[in-house]
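Just passing along the structure, written as structure tokens.
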Amino acid sequence: MNSYNEKVMDHFKNPRNVGSMDDADGIGEVGNISCGDIMRIYIKVDGEERIADIKFQTFGCGAAIATSSMVTEMAKGKTLDEALVMNNKDVATSLEGLPPVKMHCSNLAADALHAAIKNYREQKLGHKDMSDAAEAHTH
Amino acid sequence: MNSYNEKVMDHFKNPRNVGSMDDADGIGEVGNISCGDIMRIYIKVDGEERIADIKFQTFGCGAAIATSSMVTEMAKGKTLDEALVMNNKDVATSLEGLPPVKMHCSNLAADALHAAIKNYREQKLGHKDMSDAAEAHTH
Amino acid sequence: MRRVYLDHAATTPVHPEVIAAMLPHFHNSFGNPSSIHSFGRESRQAVDEAREKVAKILGATAREIVFTSGGTEADNLAIQGVALAKKGQGRHIITSQIEHHAVLDACKYLETQGFAVTYLPVNAEGQVQIADVLAAIRPDTILITIMHANNETGALQPIREIGRLAKEHKITFHTDAVQAVGSIPVNVDDLGVDLLSLSAHKFYGPKGIGVLYIRSGTKLKPLYHGGGQERKLRPGTENHVGVIGLAKALELATTEMESKQAKVRALRDKLMGGLLAIPEVKLNGHPEERLPGNVNVSIRYVEGESLILSLDMQGVAVSSGSACTSGSLDPSHVLLAMGLSHGEAHGSLRLTLGQDNTEEDVDYVLGILPPIVLRLRQMSPLYHKR
Amino acid sequence: MRRVYLDHAATTPVHPEVIAAMLPHFHNSFGNPSSIHSFGRESRQAVDEAREKVAKILGATAREIVFTSGGTEADNLAIQGVALAKKGQGRHIITSQIEHHAVLDACKYLETQGFAVTYLPVNAEGQVQIADVLAAIRPDTILITIMHANNETGALQPIREIGRLAKEHKITFHTDAVQAVGSIPVNVDDLGVDLLSLSAHKFYGPKGIGVLYIRSGTKLKPLYHGGGQERKLRPGTENHVGVIGLAKALELATTEMESKQAKVRALRDKLMGGLLAIPEVKLNGHPEERLPGNVNVSIRYVEGESLILSLDMQGVAVSSGSACTSGSLDPSHVLLAMGLSHGEAHGSLRLTLGQDNTEEDVDYVLGILPPIVLRLRQMSPLYHKR
């Protein structure tokens, strides 16, 4: 592993928006235990389809925690469509880069956000209930 | 190469009986230039077939010079038959040992002595004249 | 900030007396040991003395000691060297699933060269079973290579028993003793090994120097070729400073070893006890048959790299078998071979104590770790799901 | 007694500034560069900086620098590594008769593995002829390996021209620059080499550390396997102290190289002149196209080891191409390849100057050598026969 830059370490030390939400409008989870990274993101969506509040829980390495934290900061206040445009690479860029080996395996936070948005939309359409959605793993 | 012991170095620094003899009774030469060692031994034999005087000339490494010096000391005063019993190993032993790699390639001084004795005896028998004998290389 | 180094299995600081022993040879007695002038002879003598010293400590003769550039090279020279020398007699090798990558990857390479390799499993405590070794032996087995002590769990392997078996079956036996040497007594005859690897930087010596012990009569071919040094088995201008440092370090480590290691073990037991008192923490490896300085635990619901980073922020250096610390996707092959789940393996923490650690070090770690674990657990979705 | 070291081609003392650069890393910044905690990161950073420094000096990029345990390993990794990687494309290698044993013996080993090797002759000055290289190229030639400067005669080889030829024919080109680096400017693009070996102890760095430069895109397989360090080409815990020392030594050697080497050359020319003034002494190697510090002469009627010992008794350290200094029966393969007779080769003397030598050193040697030569000649049967 190469070492993390200061910005990454700042997000690792003081992660923004850690926690869960009892009344989330959408929950997304990606990763799996065999890879060593699991990220769960909770969103609260307002009437204009903006992300009014966002929280995360992550099991994983420094990069996993920092990207989770970063993505919550980036997403807050964005419309869902804006949030869907953001990808994992954008998150890494906002963190001023990640060590090369981390670019693939622990840089999944945008995916978790997208999963949360998908979960929200599916619920709105009434396709699924929340407890199922939370189990929907990608990766 | 391992290093030489003190006794060898003493004979290298202060070789005994260096030189040639204009009136030698026997001359022996062994070694050849491609191996890097050439030893020539001159002997003067008295009426009792004893080695009354002995000199050597050597082109070669420290071991070649030290063994040449040693063999002249050991031979001086011995009868020819006594001298013929001495071998290269005895010379090395009298020097309290030689580095292993030197045991074979530069430990030929007893051979040179034997060649000188042979040359002396051949002359006495009138088989050969001296100038030929000096060219008789072994090894 | 207090700095506490608990990663002695990764490497150790060079002992001040070792530095002092090496220093004069950098600039004053610097000759090439192969040179015949006095500068060279001084270096040759220093190398010879070091070789004698190492041989004596291991119960070997000087001719059986070959200096290498470290443990990785010693392992490869042993394994590839025997394979090259004996491929006419057979092409089967026995090793274990928990070897260091230097051994595993050398074996994997040989598989691409037409050799067959049996990777023995281990039990839940991380130990090779002698019955498995016996069962794996084939008529064409030319080499058994099993490590003396595991680098992650410290688990000691039944080397003596394997040595006896190998001898019975006339199979060359190598042990990677890189972690053992300097921590526990190692004698080549007692162990019955033909080949043994060690590396100075694991016992307060310099990096870049190691030894392959080669029992006289063992067939082995060199991996590279050149000036004929080290009986042609490992050519190249001798790193005489490294050799001197290795010998000094080995001498220091094995002098009063028992009392030194008893101190380390006592600290380790205190640390282990404290860690196991944290809820949902379990010990990895055998509780007793392990290196005196080694603790390895799995801390549920948290991931190893995050633990390392959090401890590092407070000055404590440890390591983990988490995949995230190695750049691969799979966590430690050693922990998986012991039957740990991926989660347990990702959440493993290795703390390895050394001779300079103190009771205060242990107290400090036991003080800061629980809140770190709690914080990371609270961040973890797994903890909330449980 | 005055001690004069004139064997810098064999090895050099470690420069005090190099020792100073290394010292803190033995005990304070001692971490394993692969560890992710702060102790490890400090070492990693030091290794990275050293790698950048070395790359810059050679005109390479950091990724192209692989640290090895010295010149012998670098040569073997280059030669065997290319052979392993390219054996599907061809099995012919071109080298010269005057290479160091690390190259020659690696090539001889490959001959036992089904490779064909052409050993190019040299002219009377000890230089490979470019026409011979061209003539030796075959459709199945996969590697040319020709040294930059010879270790016995200092003779410089036409590396640039060979580089151009190799490129034209798309053949991988390695040069053993162990003697050149630190004495003359070495730039990998300027030379047109794909692979280049160097060794720190030849330029006031520590023993046991070297570099193989590997141009990006060059196909090469590792010789041993393990933890993945050095991009898997040379695994094993990094000898970070050695790496730091190598980089510092290279930096020092190449700073104001021209003026430093002009001083060495001036001393060398004085020494050479004085030696050639002794009757029946002849120069070996090219009079100008040689390393600045190298003198190699043959002194008729005397044998090299005796000369070395006699000089050593008076404090002067030199070397010889005599067989008696190597334990083999044949004198230097380099001198024989240049057409010297056995007698001339046995009577050769190599004096290699370094940056610390002074005019007084040269005067001292020129003062004591003639009587030594006379004494040995008077002892020599050849002198009397002449």
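Letters A, B, C and D name the chains as they come in the text, with residue numbers starting at 1 for each one.
Heads up, the rule we're going with is that contacts are C-beta pairs under 8 Å (C-beta built on N, C-alpha and C of every residue); 3 or more make two chains touch, one makes a residue touch a chain.
Just so it is clear, the structure is predicted and the values come from calculations on it, not from any experiment.
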Given subunit A and subunit D, the chains that contact each of them: C
Label of the chain whose CA centroid is most distant from the centroid of subunit D: A
Contact-richer chain pair (by C-beta pairs counted) among B-C and B-D: B-D
Centre-of-Cα separation between subunit D and subunit C, whole angstrom: 34
Distance from subunit C to subunit B - Cα centre to Cα centre, in angstrom: 57
Intercentroid distance (Cα basis), subunit C paired with subunit A, Å: 40
Per-residue multi-chain contacts in subunit B, two or more chains: 1
Residue list for subunit C, restricted to those that touch at least two other chains: 36, 305, 309, 325, 327
Footprint of subunit C on subunit D - complex, ascending: 3, 5, 7, 10-16, 18-19, 23, 26-28, 30-32, 34-40, 69-73, 75-77, 80, 100-102, 105-106, 108-109, 199, 201, 206-209, 223-228, 235-242, 305, 308-309, 311-312, 315-319, 325, 327
Residue ranges of subunit A in contact with subunit D within the complex: 1-3
Interfacial residue positions of subunit C with respect to subunit B in the complex: 36, 41, 44
Touching residues on subunit A, where the partner in the complex is subunit C: 1, 4, 9, 12-13, 15, 18, 20, 29, 33-40, 57-65, 101, 105-106
Partner subunit B, residues of subunit D touching it in the complex: 301-306, 309, 313, 322-327, 329-331, 341-343, 346, 378-382, 384
